């Protein structure tokens, strides 16, 4: 394997509170090769969005990154804000969850799409807007119905998300981070947006980091997956492998709790629609994380030694050069699906 | 663990804690207290008589004897400012009481009844806002004659639409709430609902507005007496002192400085008090912090 | 920003230096108030007269700075023995600024217009004695009076009695046309009135080519303007407290003169307790007029003891009649049956002398147990309530009109002084035929007023003149409201 | 849109009309007789009566109102009682003082507000924010006429940079005219800037928390570029509303400030007219001022629509 596009080594994101510091993200190791599509899944509060923001360098002001965060050979964690600005939007781009508020309401969409090209590629406004026109066509918003001088409020949610996508890919970035890109949209629109993203990535060969809690989306869109829980990656591997085994009890619980995942779970013959099983308890507050396996207190398979130490992200298997790892002392052995 | 989690876990902190936590409120309370104390003390004691003329000591610069200097009649400026505080406070209190006393019921009725009553009340307040307030106050005092009482009325009139709008705005939303609707269905009169459910829920908004209007009234009173339409001699008033000072500004600048400082100090204190009250009373602001 | 400020400073300095360096035949006079119009026959405001009197308009006769009456458009006149017929010989070759010529028809027109039923002449009373005006020929005017009127010539020298042409009279408020040595050039409302030299003047031509009257109501602004040289003269400066600054300024000359204005504490003689002469005298003793003059006008006003000023002919000094003596005042109050004093209100019109005077007098009256409430009024309200309505206890006002002893002889005047003896004296005065007799009666009138003290006479309203030391020929005293610049010039 | 504007224009006319009636009625109860003021203390009653006839005071009230308001709406504001000239003639040169003064102070307040508000918002919670807001807090509390006196003391008397008062007129050159308006405009504008600055700060802080700021940052805009290009334009919307509301304060302010600085503006004219009972002038000017407040609020609504596209073209 060549040098990965993105590598997190022992990456933590810390938040100073008073005299103490807490790790929102703790000791994460993750690699992302060029052209790969990585899905990051987890409950709210698991740290998946923070991970994305850390990569973009857009963490809330008080948060600090510790460890390595190598993007194409550059350590983003040590990069000056000025240099980082040259990466953002140019080499890496991000699509946000809420299309209704992610666009500036007082600027026409054309200007918002063109802004990045003017900034990074030094194009004139006219050239950049010509390009914005092409981009709009590309994301399925053809002229003349969708002119550059439309304002966000004149578009529906799905259309706005298309504008967001056009804005993100305007400078042909290497890495596209999509943070729950369809969550806020109608179900019918969700599929269209995902198809659009799929096609665009196929066309451009961009690397994708897709953050979602929708397992169905992950299974369709990604070839690799990382399951996060309480600021840590608890299981990672090829999407198929992880879906097949769900070695970490949390992964299994997560799957059982989602409609898509539950569909994948084995069920007794003759049983009707599978019941969704909620995971008992809540994700521990970052302040209250135990010094041992953070899932132990909610885990159905918990054993005594789970409360002794923090499990490492151990290698389970390697498939097509991609390692399947899980941070569990007692990973589930049985395959969910053969 | 950390104090942040403690506050998160602890229920609403007590009112004393909240008051002390707001720097604005503490400073505002202190300044307002000094202002009121100054006015009250002036009833029983001032360094010199604020009205007695003493040409032998006219236009003296600030000194140990006359902290703020003397004016062209030889009167002690500090004493005049102390007595002037009385006038400012009295005019402002009445102006706010007039404004709130008429404006709040108007706003409450507008919100409760809606329809044409609401329309009339709001158009009337639009109209009132269209006139530059000072100008109308000048005309009002021209009609009724200058003096502290008429200044109170003139300023009070301009407080009416302010209170009407604030009351209406704050209570409109409440009328749509379930418990209010329920009370209505139960046959409660609008007056009773307003008294029982609406006003108690908007009193923090009104309290904040009262402090703001109080501060504005002090400025307005100073403005009116500056143009000679406020309190009349021998009663000292800050605005008139400023006006009198203007011809002496070359030779006796202290005459122009201290009354202005007094106005600024008073308004600053009341504004801080208003901000502080909003900090601790308005749930929206509290959440933002 | 910084450089912009410097720039502005430089520009200002250039403008200033240009102002003083330019030709010395123009004069800028600062005035406190803008006139409401420029027709002295259609309004009482003094600023109208400041600008127009003898500069723009001329009457048959005029008042000089010393108060004497001199011929102007009338070369000479004779008075009949019964004192009722005045025959004026008019000057020849006089032209109005619009080119029309002046003759007896203008005299007839001007006087008849003033007495007409629809006349809006503010001093209509001055013309009331006129029975008829006749023109035996163009150069002679014969004015017949209903009765002898000893002040008649002086009255015809007032600004209200100037000659006008029927062709231009309608527009005189905004475009004045007279016969004077200056003619109207422009009026920038709210800012200035500009007069220019009349090249066709019949008499001694004016020495200045242009005179600008600039209106600056704020005293500090006025002071700044004269010190900066933006205005060359302030002939009636209104803020006495700033005078010492001018006295220290080497470029400026300060001339404290007097007007014929009398500042009085007017009392409502029809109201108790002011109907009692002892109460009025008590008030006079309770008030230290020197302190009042000091506190209201920096001591520039000369105290007066009657309704007459030192610059008017026949003045008698009665200042010692009521020395400041609170004890005496208390005695008089006791005698009048009000030993514990009483409560009264003093209505104060807006001028500073009145408002400040009120504060001072109230403090002094408090010493003798009289509690005076001050009620400030706007001038319109004062006129309505005090002057027209006579609804007041006391007020402080400057009676600006010259030689107006007649107001105490009127049947109805706001302070309600009714005294048959005084009326008889005044009648004798108007009918007196010799000057000697007149002067004697003037003295008697003043003494009678002093004895009766219908009002507390405070001080003669001063005229504070401030001007560039090189400006000459401006009036120091002002017997009638005027700003005569016909003889003003710059000394080389 | 057109029906919206014409509707607003109609209500604007009606409000102005009602305002004119209110003012006219106030003038009728205003004590003091203009004729007496013109004719002074020696006037005979018959002379006063003659002047009354000349001024048309003998006509019934409703007729005088109709004559006045009829002319008013076609730009004939009547004839000044005091000056006997058309009021529009009095108005002309004074507008040239008051409007530039109001505009200058408006600019000062907006510019000052944006500088102080955006600075404080960008440095939220830091010492700079505290200092800036402390200054704003004091600025809000300072009455403008006192600030005027302080400015005169410092800049006119001590430093001699600007004239203490008076207006040299535009004839002396634009620069001299502007120079005499600088201190008055500062006295008027700075306290407003303090009020607006506080509004600006909270508006900017609010917008800085919006998602589209994160979007802009994700595009590669630096913090300050995102602030100025995206946050400030959005934050201006509430600021403009306050500017509109402040306009009537500004007008009231010019009245008092023109008196402090002895500027021959509309404010002084109104003041003088009230003192001289130049009733026609007072009622015309006050109605005009009220109308201008109403019109400015209308214009603010339009600007609002321009700043916030969500209001002007209503989507679909």
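Structure notes:
As written, the chain order gives the labels A, B, C and D, with residue 1 at the start of each chain.
In this text, a residue touches a chain if its C-beta (ideal position, glycine included) is under 8 Å from a C-beta of that chain, and two chains touch if they have at least 3 such contacts.
For clarity, every value in this text was computed on a predicted model and none was experimentally measured.
Chains joined by the most contact pairs: C-D. When every chain is represented by the mean of its C-alpha atoms, the one lying closest to the mean of all protein C-alpha atoms is D. Greatest centre-to-centre distance from subunit B is found for A, with centres as Cα means. With each centre defined as the average position of its C-alpha atoms, the distance from subunit B to subunit C rounds to 46 Å.
Each chain gets a centre from the mean of its Cα atoms; for subunit A and subunit C, those two points are 92 Å apart. For the pair subunit B and subunit D, the distance between C-alpha centroids works out to 23 Å. Each chain gets a centre from the mean of its Cα atoms; for subunit C and subunit D, those two points are 39 Å apart. In subunit D, the residues that reach two or more other chains under the touch definition are 31-32, 152, 259. Shared contact sites, meaning residues of subunit A that touch two or more other chains, are absent.
Multi-chain contact residues of subunit C, defined as those touching 2 or more other chains: 218, 220, 350, 378, 381.
Interface residues of subunit C facing subunit D in the complex, by the touch rule stated above, are 5, 7-9, 11-12, 15, 36-37, 42-45, 117-125, 173-174, 188-191, 216-218, 220-221, 224-225, 230, 350, 378-381, 383-385, 387-388, 399, 401, 404.
Within the complex, the subunit D residues that touch subunit A are 210-212, 214-223, 225, 229-230, 233-234, 237, 307-310, 313, 315-316. Residue ranges on subunit C touching subunit B, taken from their complex, read 218-220, 223, 239, 241-242, 245, 291, 294-295, 350, 355-356, 358-360, 362-363, 374-378, 381.
Those residues of subunit B that touch subunit C in the shared complex are 51-53, 55, 72-73, 142, 145-147, 228, 232-234, 246-251.
Touching subunit B in their complex are the following residues of subunit D: 15, 18-19, 22, 26, 29-32, 137-138, 140-143, 145-146, 149-150, 152-153, 157, 248-249, 251-253, 255-256, 259-260, 270-271, 274, 282, 286, 289-291, 293-294.
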